[in-house]
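Following this line, the structures themselves.
You will see subunit A twice below: alongside subunit B first, and alongside subunit C after that.
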Partner chain A sequence: MRTIVVEHLARVEGHGGITVELDGNTVGNVHFDVVEGARLLEPLVRGKRFDEVAPILSRICSICSAAHTLTSLKATENAFGVRISPQTELLRELMYRGESIESHALHLFLLALPDYLDYPSATALAADQPQAVLLGLRLKKLGNLIQETIGGRAIHPVNAVLGGFGKVPSVEHLIELRGALIEGMKDSDTMVDLTASLPAANFCHCDTAYAALFSPNGDSYYSGDQVMVAAKGDLSLIRAADYQTLTNEKAVPHSHAKHSSFHERPFMVGSLARLTINPRRLTGRLAATMERLQLQLPSNNPMDNNKAQALELIRDVERALEIVEQLLRDGVKDERPVGIQPRAATGTAITEAPRGLLIHSYTYDADGRITAADVITPTALNAADMEARFRRAVEECPEREDTVIAKRLQMIARAYDPCISCSVHLVRRR
Partner chain B sequence: MKPLLIIGLGNPLMGDDGVGCAVVERLAADPRLPDYAEAVNGGSDLLRCAGWMEGRSRVVVIDAFEDGGDPGSVLVLEGAGSLDERQSHVHHLSTVQSIRLLQMVAPAPLTLLGISVPSVKAGSGLSPMLAGQMPAILDRVLRELTWSSSM
Partner chain C sequence: MSKPVVGIFGLTGCAGDQLVILNCEDRLLDLVALIDVRDFLMASSQNDAACALDLALVEGAVLSRKDAEKLLAIRQRTKLLVALGTCAVWGGVAAMDRGADRRNLLAEVYGDTGQDYDSEPARALHEIVKVDLNITGCPIEKEHFLAAIANLLNGDVPVYPAYPVCTECRMLENNCLLIERGELCCGPITAAGCTARCPNLRIPCVGCRGPASDANPASLLSALEEKGIDPRGIAARLRTFAPEGVAQ
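After this line comes the complex of A and B, so read on.
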């Protein structure tokens, strides 16, 4: 019996990794370990006023801070029956696109690309191929600019508040953003050329279920209150308020992150799931790119999530430009946020963070103070599916050399784009 | 634009991991902060701060170090020094990797101040041990800023 350990998946060493036990050719336990301390999110917000919650929970992760902020606002608004304006909906969607551009550019260019091209790190890649790294950094900067223009700050946005926006972007800032997005369209074309030139990554194949926000127009990270699950041709729709019938969380002994399953099967969330659930997005330029990247849906290869992110990156830039042009054409109204009347109620919101479904659910008392909070991140939702794919990858690996297996496992882990620092989910409902 | 930028890194929901953020928040409100310096919270992704660094004469990055040192002691490095960058992440680049990458694609004077922390675990706020060291940490960082500006 031997054990292969892939460590260093987290910001803090030894706080997240993969462990595989092998007995000859027989694969034993395969664990995706998330062993960092409990996040204890509930005590951080319990007793807080409704307007204090989003600023606290946005700090769960600075890369996903817009997603946590906007999902938190939506959950509280749902609890209090607040309906936001179409302009607010549009501005929030734009913030989401910015975060997705930034996150996908970081992941594709600085984390996944070195794996594909066999460099040990982004810095080693930059020494040989600086243009590729600079392209990624430019796209990442574009995503930052969108979030800063709309959210007021690149990290932990302040303009997005309950019921709307405390401050809306100026025409001058939107014109500046439009110029940057037009340049970004060219960069996203170059990104496709680069992605299409990468070697294939075909070392893990197994069917899985996919879950994503079912958006009314088939193309939103924010609008919509239902999740669709696709499993072997069967489709299920789940309302946000019924999210526990999707997650069915169970504690597992080797990880602080609970595992989720739907009808006793793990499922995948993220870019590949979004494209599978909402195929209406894949028309025109996206359809041609999909063919060029040789991506077929539904896919049984988790590495295809990287191709799906590349497709989304194109669409995110394109959609962000559409929104900015619409705002410039229609004018941005200096509307005040909708007033909040707290009441004893529970509100749940589900949105699409860059790496998949994000769920926030809060219960408030009559004074508008939180009595229970539940935050479920995409990485926690993916944890069981990741383990299943890790097992399959080891079973498919003919070499059985530790270094080969470890590299493949790390590449699959990266393809899921997990956020170890925010994946632990120990929030308890009362 | 002020010539000296100070970026604090970390996650304040992970206890002492947030010490860099805590330091810059205090610095920003400290009358001893030089006029030529700006202190900002960079969250946990230094690359996201790349745009803020453009055009500065010097950048100082403050982050938590889990290195077994005395809690609150400050290690000063030019660039990332000789720190091991193999600590990789699935979600973002480590501080060391980010500094090395930024220095390759956009070279600029950069100092890393590593503050030794006793523990990193979930929970809001610094440990009492580290919080008690905060006045000394601020004094040490402010001395370094004066020194940095003279470079």
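After this line comes the complex of A and C, so read on.
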């Protein structure tokens, strides 16, 4: 009997570990241990007024704080029947793209890249290959510049509020963004070259199901309210209001993240899932990029999520530039947020955070005080799938030494881009 | 002179203050040339978890026995301990209702399984160990972090504003959300240093930086009551980021 333990998973957000038990070459228990403390924000937010909810629940996670904020606003707006303006939709999409650029660049360059090149950290890598690290930092900064310009702050944005924005960006700020995005187009192209040049990571192969927002235009993080699940060619569509059929959560003793399954099967969310569910977006430059990255869909290799993020990064920069140019062309109106009339109702919003599906569902009383909140995060949705993939990776090479297996397990964990603070979630048990 | 040995740690929180450090994109490589970061789990897979430290930067609140043990161990190995962010300095959002029954909350979220979890009411770092410097903010301001490092490298201690957000807001010549629009703005009692980010965007301050030492809560309360705002709502809002009884 052998136990392989990764006590502290490094280069991820939050505190987690991995435990795998082996009896000879037979794999026994496999656990993704979430040891991050439980903050229990969900019951704590109860009784708060509708305008206090997003700033509190944003604090679930820093890296996805724009996603949490915007998903929270959308859930509350859905509950109260608030219709936001097309300009607000566009600015929110821009914020979402900004967060995705920052998050993907952070993950690809500072968290995942050192594994492929055998360094402990990006700063250690910078001693030998400063250009690669500086490229990543420039892209990351671009994402933060968008978030600061539109959201008012890179982490825990303040400017996006119910019904709209506190202040819309000035023409000067948009011109500055356009300049940075034009540079970013070149940088994202270099980023693809770098990603394509990395050694292959082929040590875990198994089919899984994928779930992502079914996007009406094939390319969005924030619009649409149906989730598509693809399992072995079978497609299912789930409406936002029915999200519990997807999550079907179960608390487990070894983790503060609850586990999810669809029809008793784990599934994967995130970049690879989005590309698999919405392949219509993959034309022209993106199709060519897929070839450069040697990425084929559907993939049975979880490590391909890194390539999928590289592909999304290209698209995010391109789309952010389109939005900024449209705003400059049409002019930005000094709109005030739409007025809010609270009512007793439930509202649910599903969006795509950088690392996958994010669900906020709230119930309000007639005074606009929240009586129940349910937050389902991508890392919690991925937890069961990660464990299945850990198992498979060990089954493919049980004879290898512990250090090799441990490194592979950590690389798989990082490929999911886990956000462990997020996964410790805060859901009311129903 | 040898470089100071630094550790960067997260207890329970959102990792936002560690992310602010990684968000110093233009300074990150200069920074690691000046300080020797030996223990930073979020950024490196090769850490010395036992070495003596000159400086420990700790974010997050203490929410479990494990957090408390980790914090005590960090205190033992470091000369200076800096609390990074509102959770570390004040307890933060997880501390907003410290009087609530933890077992009930756990049962509500996790059912019976939750009863065995290692989980305690949120505490700020100074409630457990001696803290040498507080950098507040949710998250901290990048400039405050860089100023702290620059000052400490020169044997000095940075000074942050003791005055409230209102002072910064007035200097920007904004219309007052509280007096002129009757909105519940926490600016009069919240620590400045954010250049009045929210009111400058026409959004009321939510108090995310915690109380200013130079504040007058009684005068805010009477100003709000004059505007007809329910005092219970005000009290709840003031407790969102910094609960009562955590004063330093």
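As a working rule, the second predicted complex is superposed on the first by the 419 of 430 C-alpha atoms of A that agree within 3 Å, B and C clash if a C-alpha of one lies under 4 Å from a C-alpha of the other, contacts with A are read in each partner's own complex, and residues count from 1 in each chain.
By our rule, a contact is a pair of C-beta atoms (placed from the backbone, for glycine too) under 8 Å apart; a residue touches a chain by one contact, two chains touch by 3 or more.
Model, not experiment: these values are computed from the prediction.
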Fit or clash - subunit C, subunit B, common subunit A: clash
More subunit A residues in contact [subunit B versus subunit C]: C
First (subunit B), second (subunit C), both or neither touched by A:Met290: neither
Touched partner set for A:Lys48, first subunit B, second subunit C, both or neither: second
Which superposed partner A:Lys141 touches (first subunit B, second subunit C, both, neither): both
Contacts of A:Val161 with subunit B and subunit C, given as first, second, both or neither: second
Which of subunit B and subunit C A:Met95 touches, first, second, both or neither: neither
Partner chain in contact with A:Gly152 - subunit B first, subunit C second, else both or neither: second
Partner chain(s) touched by A:Leu106 [first = subunit B, second = subunit C, both, neither]: both
Which of subunit B and subunit C A:Val317 touches, first, second, both or neither: neither
Partner chain in contact with A:Ser65 - subunit B first, subunit C second, else both or neither: both
Of the stretches 45-53, 99-107, 171-179 or 225-233 belonging to subunit C, the one that collides with subunit B: 45-53
Residues on subunit A lying within both footprints (that of subunit B and that of subunit C): 8, 10-13, 36-41, 44, 59-63, 65, 106, 110, 120-123, 126, 130, 133-134, 137, 140-141, 144, 154-156, 410, 421
Of all residues in subunit A, those that touch subunit C in their complex: 8, 10-15, 35-44, 47-49, 52, 55-56, 59-63, 65, 106, 110, 114, 120-124, 126, 130, 133-134, 137-138, 140-141, 144, 152-156, 158-159, 161, 165-167, 251-253, 256, 258, 410, 421, 425-429
Subunit A-facing residues of subunit B, complex: 11-14, 17, 41-45, 47-51, 66, 85-94, 97, 100-101, 104-105, 120-124
For the subunit A and subunit B complex, residues of the former touching the latter: 8-13, 36-41, 44, 59-63, 65, 102, 106-107, 110-111, 120-123, 126-127, 130, 133-134, 137, 140-141, 144-145, 154-156, 410, 413-414, 416-421, 424
Touch list for subunit C against partner subunit A, complex: 10-16, 19-20, 22-23, 25-26, 28-29, 32, 37, 40-47, 63-64, 66-67, 92-94, 96-97, 100, 102, 105-111, 113-114, 116-119, 122, 138-139, 197-198, 201-203, 206, 208, 233, 236-237, 240
